[in-house]
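So, here's a batch of structures to check.
The same chain A turns up in both complexes below, where it pairs with chain B and then with chain C.
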Partner chain A sequence: MSKKKSKQVDTSLRQFIKDLGYVSGGAALLATTPWLQSFTPDKAKEMKKEKARIGFIGTGSRGTYNIHAVLSLQHAEIVALCDIYPPNLKEASGLCPNAKTYTDYRKMLESADIDGVIISTPLYLHAPMTLDALDAGKHVYCEKAMALTMEECKAVYDAYRKTDKVLYFCVQRMFDKKYIKGMQMIHSGLIGEIVGERCHWFRNHDWRRPVPSPELERQINWRLYRDYSAGLMTELASHQLEVCCWAMQMVPESVIGTGDIVYWKDGREVYDSVNLVYHYSNGVKINYESLISNKFNGMEDQILGNKGTMNLATGIYYLEDEAGGKKSGIEQLIGQIGNKLYASVPAAGPSWRPETKEKYIPHTILEGEFHVNDGLSMIGALKDGSDEILSAFCQACITGEKGKNIVEEAYLATMLCHLGNQAMAEQKKITFPEEYKIPYMKFS
Partner chain B sequence: MKDLIITSRQLKKEIYIFSACFVAAFLTNIVSIILFKTPWYEVFTQIGYVIFIALFLYLLVILVRVIAYMIRKLIKQITHGN
Partner chain C sequence: MQKTGIDTGGTYYESSKMFHGSLQNIMGTRFDILIIDQNKLKSQEIWNDMVFELQRLDRIFNRFDSTSETSKINREAILEPVHVSLEMWTILKSCREYNIRTLGLFDITLDDFSKVLLDEREHTVIFLKKEMSLDFGGYAKGYALAKIKDLIHQAGVKHCFVNFGNSSILGVGHHPYGDAWKVSIENPYNPDEALDEISLRDEALSVSGNTPAYTGHIVRPASGETVKERKVVSITSKEPLEAEILSTAFMVATREEKKCLSGNFEIKNIIEYSL
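For the complex of A and B:
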């Protein structure tokens, strides 16, 4: 990643909360987003002018993205950098000339001059590094997903329950304004009862990065190999499954699915095409699809209600009674008469009438301009909540306040990803295992 | 070619028929506003549809009258022929 100017980002959490319509007490906002209670204007005052001392473990593409975000914060300073890949460490050091550099993260964790660490390494390292950092008495922010296996997820969760240290995972949609507002609308009944959820993530990219020499293939292209990665599920689906559960305020109890390598037959071990159906106890389903050899459908998180549809990824919602556009009374009457005439034609029965998709009137979740993640970037989208959650973590490093529900949301999202992978591998319905359920989860 | 003369009586008749069609179309608009709970300003904004429906009804009435005329003519021919 080339050197860039520090991002001019206003990550003032105080302003962020105000923009969400927080009014004194904020009951309505905090009911949908309890994790924001740590960042209300009253809490922000506690920070005064302190700065969190942050160390980075992993300074690759995502690590550098995070470095830029933290550099723009008033309440954080980067004091340490660690990476085993020299070119990445050198580039990061150029951005943070005063930060001490390490090649062994354990040595870095021994430093008393670090309050918190930000882990941006391959998935298989998330659990060991998180556990080591918590043991070393550091606050931890780790990129998604939580861990490579279900066992590791449980170990991290159990460690979190015991520690007094802050632990965050990068579930950035929890801090994305359009998702927060959208969820408020959903939970207030705007789209009625949720009757289905559809998420997809389509790209046209082989996911590969340039490799200077063959022995670095598995280190640099770790996403393609099962020893290091859980593929499309943890890299992409984890965000969307978390959103679905957030909307439903429930966790699916089972999953079926199928995965294949359809196009990118280049020696990779993870699927490049996945289709899954997660099933809630009330019959509602999440239909999930991801394909990385065609980007026509982009990325969408659709919550389907009997009264409307919320597309959180695009920041737009539609209402069922506006199907076909806002028709006048006389247009609707003519339409009804026309439908009755079609229905009365004996040939071929009701199927004679085509049911093509109707046009709906789009309504935006947020007023004014807002960013939409097109899902194409391998590093991260602009204004997708990443800056806000990083800012929140750095504030938490100062106040010592654990973020509410963040670890739990990351846990359930990652578990659902692993269950999906298991369903695809075993080609059978997988039910959420009892031993991995936690009190936070609601299944009915 | 004969001159076509439209008497004032015939013109009045057509005006009454079209007016009845317009009133029917107008009332249809009112009923649809009530049935589908749409705004009352549609009384004015949907006037295009009202005129269209009025014309449609008027043409329908013309068709019925033409058919009735042809039937009457056929009956006359049959009875005179007998």
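For the complex of A and C:
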């Protein structure tokens, strides 16, 4: 553990839990989000006035985002930085002048002065780096998705089962207030029985970064090549499929889908357009769509119940029995006469347009102002739970307490992405393979 | 078309002695009527007659239906004189009369009605200009509402309220708990704001104007200019057809023309709202 230098536990994380009403809400609420159990006031007392010593593997755009988040924490210090791309390493070093720099992460893992590592590297490196870091006795926080292949996911999951170290993946929606509160509402029956789920992520951008010289193309634009990336599924859909399962408290048993390169025909190997249907054993389906040559529809995680609709990404829900909004003039007049009332009828106007959709009354999940992610950034959005999950990890580096459900959720979400990719590649229905099922998952 | 035995729906509210008939898709819009103080059977009979009449008129005026009389004229009158039905003859004559009385502002050709030649003896029509056609958009609802008004009177109905697509409204008699039928006019640019409240007693109201989604559909004949201003005109008149014709004419009229129109017609109330 770290050399004691300082004083503060993370007050912001505590406030976050407080905002959610957990402190007064008690054990019943915590039972539904066990990964937040470590952050109650009682647990805070266990935290000594220590700082977690953190090493960064990967200091690109997402790495830098994470560096800024960790720098703002009282209970963490950045002691090491590693990257194979000199410009990024140099920039990160400017942010953390006291951190030792490395170009070989294995060398960095040999250092005894590091409690935990934060891995923000291309997907194909997640599994080898995570496994090496756990082997080296480090706590590990890795960006999503879990790994490039199903085999690697299983290997990481198995290693997690055996290790006594903390392992976190960036499933930040589990730490996003809107989602936590929205899920409480869903699970308390607000929108009735879940009958469908619709998620989409639309952008209009080629998903490229400028490349200083051609031999760096694959290193920098790794997202576009199959050996490095699993495309839209792991980069975008993974978050949303996790949310669907969280809401359903179940995992889909099969998936069909089709994927294509529709617009960005620039030599890339991953689809720029994907449409999938995931099927749960009770017949409920997830409709998933992502397209990166039109951004009209933005991003949304929508849970449909027989009594209402929860739009988790925008933090708004609608109730079925309020549909219809304003009654038409003639309906109001009929109501008036039935109630023996005389008032004016709002009927007249220059035109009449047929309505294709009933009007609903929007309700917000959280009171007051809250942040909504427009889904357009390639790096990450502010206040989407990423800061909280990083804070939670740094705290866990001090207490050694494993995060509950986090690896399991990351595993199932990543597996669903790979199964989706397989369904699209093979153009057939793919059933969740027995050998990849873990006890955590419920299929019926 | 069999008139008897058609099921035209409708809802009867026993405790209020009120019948609600509704057509969701007629003349490109929606039609609602509330008939007060008639028994269920009688109300249903009146409503059946109205549905029959509205559907008949829709078939005459619909220029997107190739079998309508309007389509036949539009297709053939550029080539040779087209013989028309007695009803169409009367309609065309009245359109010509209104064209003259509105200083050419009401024009079913949206161009130049003087190039439509009506042969009094043969009851034929021919267009003297190529690319000319008839569009009863600013006429048909008013004509239909006048026919509905006749049916209401023939049936002995004293109190009833008709809403024809929000832009053409007829109030016969009065509301069961008031001395007229009160309607408010919605601001198309802000649906929560009422521009005005109008009381109708044996009167028709016609509202014309631009909306955010639908601007530039009102054309000044001859010049072909469209009206782009954010404005709404409402006209109240005893005659549904005149209200209909004048609400459009006032949308395109200049100040001088408006003065003239006011003199040429008996109008209960004209209000122009600039938005």
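Here is the rule we go by: the second predicted complex is superposed on the first by the 400 of 444 C-alpha atoms of A that agree within 3 Å, B and C clash if a C-alpha of one lies under 4 Å from a C-alpha of the other, contacts with A are read in each partner's own complex, and residues count from 1 in each chain.
The criterion applied here is as follows: contacts are C-beta pairs under 8 Å (C-beta built on N, C-alpha and C of every residue); 3 or more make two chains touch, one makes a residue touch a chain.
If you're wondering where the values come from, they're calculated on a predicted model, not measured in any experiment.
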item: Dominant toucher of chain A (residue count), chain B or chain C; value: C
item: Partner chain in contact with A:Lys265 - chain B first, chain C second, else both or neither; value: neither
item: Which of chain B and chain C A:Tyr342 touches, first, second, both or neither; value: second
item: Chain B versus chain C as contact partner of A:Gly329, first or second or both or neither; value: both
item: Chain A positions touched by chain B in one structure and by chain C in the second; value: 329-330, 333-334
item: Complex contact set, residues of chain A against chain B; value: 328-334
item: In the complex, chain A residues that touch chain C; value: 326, 329-330, 333-334, 336-338, 340-354
item: Chain C residues touching chain A - in the complex, by the definition given at the top; value: 13, 15-16, 18, 20, 22, 29-30, 32, 34, 36, 161, 163, 165-167, 169, 175-178, 181-186, 188, 191, 194, 197-198, 205, 207-211, 213-214, 232, 234
item: Complex contact set, residues of chain B against chain A; value: 28-29, 31-38, 42, 45-46, 49-50, 53
